[in-house]
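The structures come next, written out as structure tokens.
In the two complexes that follow, chain A is the common piece, with chain B as its partner first and chain C second.
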Partner chain A sequence: MVTQVTSFGRSGLSDWVVQRVSAVILGAYTVFLAAWVICSPDMSYADWTELFSCTAMRIFSLLALLSMIAHAWIGIWTIATDYLTPMSFGKAATKVRFLFLCVCAVVLFVYLIWGIDILWSVK
Partner chain B sequence: MNNKRPVNLDLFTIKQPLPAIASILHRVSGIIVFVGIALLMYVLDKTLASEEGFAAVQECLDGTFVKLLLWGTLAALAYHLVAGCKHLLMDMGIGETLQGARTGATLVLIVSAVLIILLGVLVW
Partner chain C sequence: MLTVSLYRYNPETDKAPYMQDVQLDTGGKDLMVLDVLELLKAQDPSIAYRRSCREGVCGSDGMNMNGKNGLACITALSETVKNNKLVLRPLPGLPVVRDLVVDMSIFYKQYEKVKPFLINNNPAPAIERLQSPEDREKLDGLYECILCACCSTSCPSFWWNPDRFIGPAGLLQAYRFLADSRDTATADRLANLDDPFSVFRCRGIMNCVSVCPKGLNPTRAIGHIREMLIRRAT
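After this line comes the complex of A and B, so read on.
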């Protein structure tokens, strides 16, 4: 068996499970936040910060942030290994794919730091 | 099986059935959300940082271009969410037949279209 060193959990089954668990968390977070925004049409700055300053919401947001990063990495990896192949890029395919995945990894790392900073700056 | 049969993997020359279109849109919407998260996080950052930032974002959302950008991101997110629900249902063994896959793809396209229109109403 060839182990894919660039996949998230280094095994297809692990990635498959992580993709689904993170999907459920992200779905729950999206639906909750959408429902909250729709149910507060005259939302003020105070209401908005009150929501994000409570501990439960901070934990939920951090969970969603971590889920988003794992979920996005697995999706991006799947797409990169499907389309950035020797069929489309010839001999340069491995380099192109590696570079693309590096850029995406940096973006996701920025999202992680930025997200934590946003969540912990709320007074 | 005759191994010498030609193999065509060029997606642009194959007529795509409805489930294939629903599937490729799931991937495309995923990439749009990956980029769009930056916009959503920027909005979250500004609106939470200060009262002025909150007001500035509200003012900014009056612009047509910003509305379009936000709608586009939310539309991709809505589609990705609906198509993802179909994925989870199929993982549970629901709608795995050929007919089930066609029905599922049709439902995903209809439900997400309705959601995207509703999001447009919400944004405008």
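After this line comes the complex of A and C, so read on.
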């Protein structure tokens, strides 16, 4: 058993399931938004505001936002542990990887708070 | 005339590996790649490679032929040569000992990790542990592996994490014992695989399937392991 503290759920299986479930949610959200835009040819700012101010849409958007963050973390963590390793960075690998993951974590955190702020600012 | 481009490296005399081009007259015969190597070695005895059975049974002569891993002894020139050129390199991703000979330690270490032997702590019956023909059939496509390492060394996930990802060969054997009705260590075996590397580094690229000289399908076995892990967790 290989242990790892920075992976999303610390278990390979939970990461795998989360990655797939979040992909489905993101797919559904994208399809829904695209369909909505296509079905409202003369869409106005008011229509757009109305869509995003209803609670169901807020829940759906927040779900998509959380999915995006989980999905991104698992993907980035995988890339980091594939390429930012001693094979390419020698002794500095752990530092390089940790730094990269920290930057990504901060960006994702900002996205989360900013996203919530935007969603709840629509009145 | 066939141009053979050979990967040469002797750590005692060469600073770095290099490619050596040799012309060879095959007499118009569709030789196996191993025959070509034997002919070249007759001219230059310093060429190093592994071989033993010369009929696809022992798994010693896995190498990279024109970009694709396989066993030199059962790969005919007609299958691999394009434009009269044959490029021979060692299996990718493993340390080179000399020329086409690689150090397989890490590959065997991953194999060892899956405990590739039957574990059964029940008292042994008087004669033997029986298995129904149906249960025996579940091992087909798994037990035939000859550990040539063609699959694992063609897998990018194994290249990047050879110390943590078990790789297709090891995982095929992991499933071979998970699927065996006589084995009683299924729960322990699965518990040892449920981390982000051992199994889940497989990204389903299927390079392993396309190179296996025995026609085995590690990707399918990995899928079965994943299913067993899901069933265990839910």
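Things to note:
We adopt the following convention: the second predicted complex is superposed on the first by the 122 of 123 C-alpha atoms of A that agree within 3 Å, B and C clash if a C-alpha of one lies under 4 Å from a C-alpha of the other, contacts with A are read in each partner's own complex, and residues count from 1 in each chain.
Criterion: a contact is a pair of C-beta atoms (placed from the backbone, for glycine too) under 8 Å apart; a residue touches a chain by one contact, two chains touch by 3 or more.
Computed from a predicted model, the values in this text were never measured in an experiment.
Of the two partner chains placed by the overlay, only chain B lies in contact with A:Ser121; chain C stays clear of it.
After overlaying the two complexes on the shared chain, residue contacts for A:Gly12 are found with chain C alone; chain B is out of touch. Of the two partners, chain B and chain C, it is B that touches more residues of chain A. Legend: residue contacts after superposition of the two complexes on their common chain; A:Arg20 is shown touching chain B, with no touch to chain C. Of the two partner chains placed by the overlay, only chain B lies in contact with A:Thr49; chain C stays clear of it. Shared-chain residue A:Met87: touches chain B and chain C both. Of the two partner chains, chain B is the only one touched by A:Gly75; chain C is not.
Contacts of A:Phe60 after superposition on the shared chain: neither chain B nor chain C is touched.
In the superposition on chain A, the residues of chain A contacting both chain B and chain C are 87. Of all residues in chain A, those touching chain C in their complex are 1-4, 7, 10-17, 78, 81-83, 85, 87.
Contacts from chain B toward chain A in the complex involve residues 9, 27, 30-31, 34, 37-38, 41, 44-45, 47-49, 51, 54-55, 77, 81, 84-85, 87-88, 91, 122. The residues of chain A lying in touch with chain B in their complex are 20, 23-24, 27, 30, 38, 45, 48-49, 52, 68, 72, 75-76, 79, 87, 104, 107, 111, 114-115, 118, 121-122.
Contact residues of chain C toward chain A in the complex are 157, 160-161, 164, 191-200, 226, 229-230, 233.
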